[in-house]
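One structure below.
Note that the chains take the letters A, B, C and D in the order they are written out, and that residue 1 is the start of every chain.
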Amino acid sequence: MTAPIIRGMGHSVKRKEDARFLRGKGTYIDDVKLPGMLYMDIVRSPYAHANITKIDASKALALPGVLAVITGKDLDAAGLAWMPTLMGDKQMVLPIDRVVYQAQEVAAVIATERYIAADAVALVEVEYEPLQPVIDPFKALQADSPLVRPDREQKTNHIWHWEAGDAAQTDAAFQQAEVVIQQDLYIPRIHVSSIETCGCVASFDKVAGKLTIYMTTQAPHVIRTVFSLVSGIPEHKIRVISPDIGGGFGGKVPVYPGYVIATVASLQTGHPIKWIEDRSENLQADSFARDYHISAELAAKRDGTIQALRVKTLADHGAFDAAANPSKFPAGLFSIITGSYNLDAAHVEVDGVYTNKPPGGVAYRCSFRVTEAVHTIERLVDRLAQELHMDPADVRFKNFIQPEQFPYKSPTGWEYDSGNYPAALRKAMEKVGYADLRREQAEKRARGDLMGIGISTFTEIVGAGPSHTFDILGIKMFDSAEIRVHPTGSAIVRIGVQSQGQGHETTFAQIVAEELGLPVENITVEHGDTDTAPYGLGTYASRSTPTAGAATAVAARKIREKAKHIAAHLLEVSPDDLEWTDHQFQVKGAPSRVVTMTQIAFAAYTNHPQGMEAGLEAVDYYDPPNLTFPFGAYICVVDIDRGTGAVTIRRFVAVDDCGNIINPMIVEGQIHGGLTMGMAPSLMEAITYDENGNMQQGTLMEYLLPTAMETPAWETDKTTTPSPHHPFGAKGVGESATVGAPPAIANAVVDALSHLGVTHMDIPITPWAVYSILEQAGAAEV
Amino acid sequence: MHFQGEQTINTSVEKVWAFFMDPNAVAQCAPGFQSMEILGPDHFKPKLAIGVGAVKVTFTLDVTLEDMREPSHAAMAAHGMAAGSGVDMRAAMDLTPESATTTHMNWTADVNVSGTLASMGARLLEGVAHKQTDNFFSCLREKLEAAPA
Amino acid sequence: MTTQSVTLTINGEPYTAQVEPRLLLVHFIREVANLTGTHIGCDTTSCGACTILVNGVPAKSCTLFAVQVNGADIRTVEGLEQGDTLSPVQQGFFEEHGLQCGFCTPGMMMTATALLARNPDPSELEIRQAISGNLCRCTGYVNIVKSIQHAAKQMREAQATPTPVTVGAEAGQA
Amino acid sequence: MIPNTFEYVAPTSVLEATGLLQQHGADAKLLAGGQSLIPLMKFRLASPAYLIDLQHIPELTTLEERDDGLVIGAMVCESALESSALIRSRYPGIAETSAVVADPLVRNFATIGGNLAHADPANDHPAMMLATRATIIADGARGHRAIPIDDFLVDTFQTSLNPDEILVEIRVPRAAAHTGSAYTKFERKVGDYAIAAVAAQLTLDGDTCTQAGIGLTNVGPKAIRASAAEQFLIGKQMSDEAVIREAARLAAQAAEPTADLRGPAEYKRNVVRTLAARTLRTAAQRARNAS
């Protein structure tokens, strides 16, 4: 009997979900339509900081089709004017008397039609008394600064202090250092700006007493629990459904006030309520990413050996600490900042600060604060190379954690699972033709032309997490899978994580196919419905494969163990006489005596051994023993226009190592997207505020998402270093490229200008920043 | 945004002051003036269609006069909301008689625009606001000089 | 509130409705005709998620009023598949992994369809230029370019040998 | 983002359209391609009570070269100009301008008339029209009139059109022998307004410049004519790099940039200099090659 064709691990299986997306048959949030549905639109504050003296809704309520105008006072009466954030802070749902950032929700209008709701928003009259806004986080800490949050007991804009590593040991290393590199870096505020904005349809069934919320969320189960705790509605009476999600990248992890207000409106009216953000609302009010002001120092020997790292950071969190980090990690996993290098000591401090800006501190397609960390260390290593007149590749080779050092304990306390950093960099250098490029650069430089080569050899930290350390609001960061094999040999898998384009319906089916020997096309994957899927923490921080992927494999192995007993029964041998070969059970030494999983599945319902439970299913809640540490080596080549300062990425080679790969096609796609979202904040995207707290990039005309014309043709390759603790050796990949790309680009630009005395440029690197250097150095085209 | 300017008006300082005490007269110089509600001697609500070309937003401004020192100094604060935007302005002028029939005026205006107009119109806002503020003050001069002696 | 009668032929089917002049074409398509494959991603004609064909010309349907195109022939993503056969562009996106979250995909495919109708053999640069009014946040465009090249090749070959495009096994599942 | 309500009218002749303009006065707004106006309406930064759609007026879609020059109807869309064989061969600067307006999808509806009449200093055609010394033909209750482009462009969002007038045509003087034009735009990304852009048209006699037109985009309250640079070039040898550099320097001097999210003012002035030099080289090369 020939083995079944299953197309499991390592196959570039075409995506199952594409069937509906290609035909325009996806169901995104705005596609959900329910009978009797009403529309919600939101009145927002033009001011960053103001007292609300009056809200007059009479004109809005007089408009035909308007059913209600909800204000903070209405919510306050129900005890819902504030909600808890994931970081132990609280956040206004609707303000009672004060707004604390521009575009903050002030009131909500409920109307029969979308267009009428928009008209009514314009008719709600709000009187404000503007207050001095707190914009600069450094000034926010001065004694005379206005308070962003007078509601708090502590009368300061300082939120928290966090640190990792050994201060004394680090200071000692610095005292003896032969070379100290100091660099300030600002990693600007940016926005994920998924092409689909956020929204929900909240529907309360009064008869059943059940609340169903369709919501653009990356974490439906946690949302259900939080909604239950806040509203008092029993958790079994709440169903959260994540429909198809038009991109998440971290921006769809938080609970936005709109979700809560729509839910309250549905509870009050008994009608389904639809709320869909427009793009300006999304850009101006939804959670931001980054906004880290970093001051870093590196201690090294003259020969280029790096010894210690010391970092102080001010984190601008906006008006509420509504970041989406694990509870014990207010600065996320920023302490991965020692990167791929073997340091003796490190000490990292972060202070969180309130300002009159939207809350957040979510990811931008990166694991918690890893991008900020990687940018810092990769820039410092380049600065060290420049200082010592060494090639940046050589400095890296000299300082890499060596393959035999894994598992490696970092000075800030992480245990890296596996890695081979020199191999990845060597591969990238070969692929890009590093030596030739350096020769070309020297020739060009002699002619006055500018080109640069930038390296980034990053280490990611993903897959939170071991539950002893990682939780969100007390809920441990495990993840789950449930598999049921049907009698005819097909199966359904339900998982606790939520796809936003990663292709879970395909890759999780491949995991099961591999583990159970069932053809991939016979396996259905479901997620996103809290009534049916097992409890999980959701998809962000590249955790799906490390956690739910592992759970899926472990659940499948539980099934396989039972299947073995059924196979033994069918073959009339002892289970110990069987081996799992070519995705089927075979009697040891008798290759012709086999049973397939399809045969076993049928027997599980029709002919199972007496004394055994019928059926073939299993569930697993997987608590990873450690995080996983994907890594990569990126090399970027840029050309600079001396007349405009424009930076063009000529080539970009990305060698990634994410352990064993389920679907190479999907992994490559993830890397392409991640690289693009790494390039964007390096050269284009940034959010800035004027002195009044006006966000200056409130539309996609000013917030610059790259098009196909700015995006280079990415070149990808891989090395494979399996994770030793993951059931099938995978590590997670969705965000590696976003984390790894920015320093490669920044390093390339600095490299192009290094002979002019340039040692650092903050991102985004604008053409005028480059031009100003050229002009001062007399290198501009005239 | 901070704007300032000065001009010499061929009218006595008393006439200039008297003109400013007449909100209906001053309002004629306000950009896109449509109508006005007078709530008191120092409190008015003019309705203005502010904008240029295709861009036009109708604001009802709440204007109060403050720090009035006849005949040398006057100031006003104005605040209005429309189309998801807020406009806040403080303007002041100092009058110095140069002769019996000429008056020197120094003026300053601080204009803050928030919300949609600020984020949508940022690239053009300063230029347009500057021009409209300039126009307002030069219109005052023209009206004063055109008034019958 | 004044309304006007608007009739559009969408994917060959006539749709008539009394609408306000301010009704955006994208809302006519999504709410009146109930064809929700056309998406909305911005307010400023920047993203192209709402791209459709108006009399064969790709247009951002969030920046047109339905009354402006009264009587027009509209094609949306739902009109790409012929019978049970995916169009070459759909097939290209499937084969080359030209989509991830799928939200920009309908607009991207409509732009690609119009491109290949006028230029059967576009260069990579021509493809990148043609799709530069459509933003994608997931794919980094590399595979979108490949998808369109795949479709172009398939269309050229089909013209050389008139065999219908076959549907891939997975793509056939709805 | 939902616009305010309005009445929609779609006249089929210029006469009917101007009649509607007269009837509704300041409450009415002309709708050409709508690619600038409709977003403004969605933000309710424009809320006309009447929208007069010009797309059904056949006489606004002329595109032909006559003895005295090129005639472009106001409603000719950018993609038509970009792909027109006539424009590409005889007036390449105009084709280049159309090809960098916004993005390819917007260009299928955006019109040259709308681009000019909206008078956004960031719009691309005004500078090119300055370079070609175009004339705007307006039609209104008081009949036709021809407005030189320099008089047409008044200020940010302001033209010299009367409230009851419609921009019906753009007349570009017939390109003389050995004339070349070019447009160079530097933008942050596709779809963006220019950080700066330079339009140029040169007529050469051998290598000697006999006519020069230079327009600048988005470095002032309106498109700017670089007059000093134009005058400097007359009689100069275009293959002389020093000439190009000096003209570029004079063009940069004419710019009145302000700082914004597209860069500091002085930077923009420098970009004008760079772009002016590059554009002049291209225009001169085209003039040499043109018959």
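Definition applied: contacts are C-beta pairs under 8 Å (C-beta built on N, C-alpha and C of every residue); 3 or more make two chains touch, one makes a residue touch a chain.
It should be emphasised that the depicted structure is a prediction, and the values quoted were computed from it without experimental measurement.
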Most heavily contacting chain pair (counted by C-beta pairs in contact): A-C
Chain A and chain C: spacing of chain centres that average the CA atoms, whole Å: 29
For chain A paired with chain B, centre-to-centre distance based on mean C-alpha positions, whole Å: 50
Rounded Å distance between chain B and chain D, as computed from the means of their C-alpha atoms: 34
Whole-Å separation of chain centres (CA-atom averages), chain C against chain D: 31
Contacts with two or more other chains, residues of chain C listed in rising order: 20, 22, 43-44, 46, 129, 132-134
Overlap residues in chain D, where contacts from two or more other chains coincide: 1-2, 4-5, 43-44, 103, 190-191, 193, 261
Residues of chain A engaged with two or more neighbouring chains: 114-115, 122, 278-280, 696-697, 699, 701-702, 705, 707, 709
Contact pairs between chains, per stated definition: A-B, A-C, A-D, B-D, C-D
Complex contact set, residues of chain A against chain C: 13-28, 30-31, 114-115, 192-197, 244-249, 278-280, 500-503, 521, 665-666, 668-670, 672-677, 699-701, 705, 707-709, 711, 713-714
Chain B-touching residues of chain D, taken from the complex the two chains share: 29, 36-37, 40, 43-47, 118-122, 155-158, 193, 221, 258, 260-262
Contacting residues of chain C [partner chain D, same complex]: 1-2, 4, 20-22, 24, 43-46, 48, 51, 57-60, 63-65, 67-68, 111, 129-130, 132-134
Touching residues (chain side chain D, partner chain A) in the complex: 1-2, 4-5, 43-44, 103, 186, 188-193, 195, 245, 261, 263-264, 267, 270-271, 273-275, 277-278
In the complex, chain B residues that touch chain A: 81, 83-86, 88, 112-116, 118-120, 122
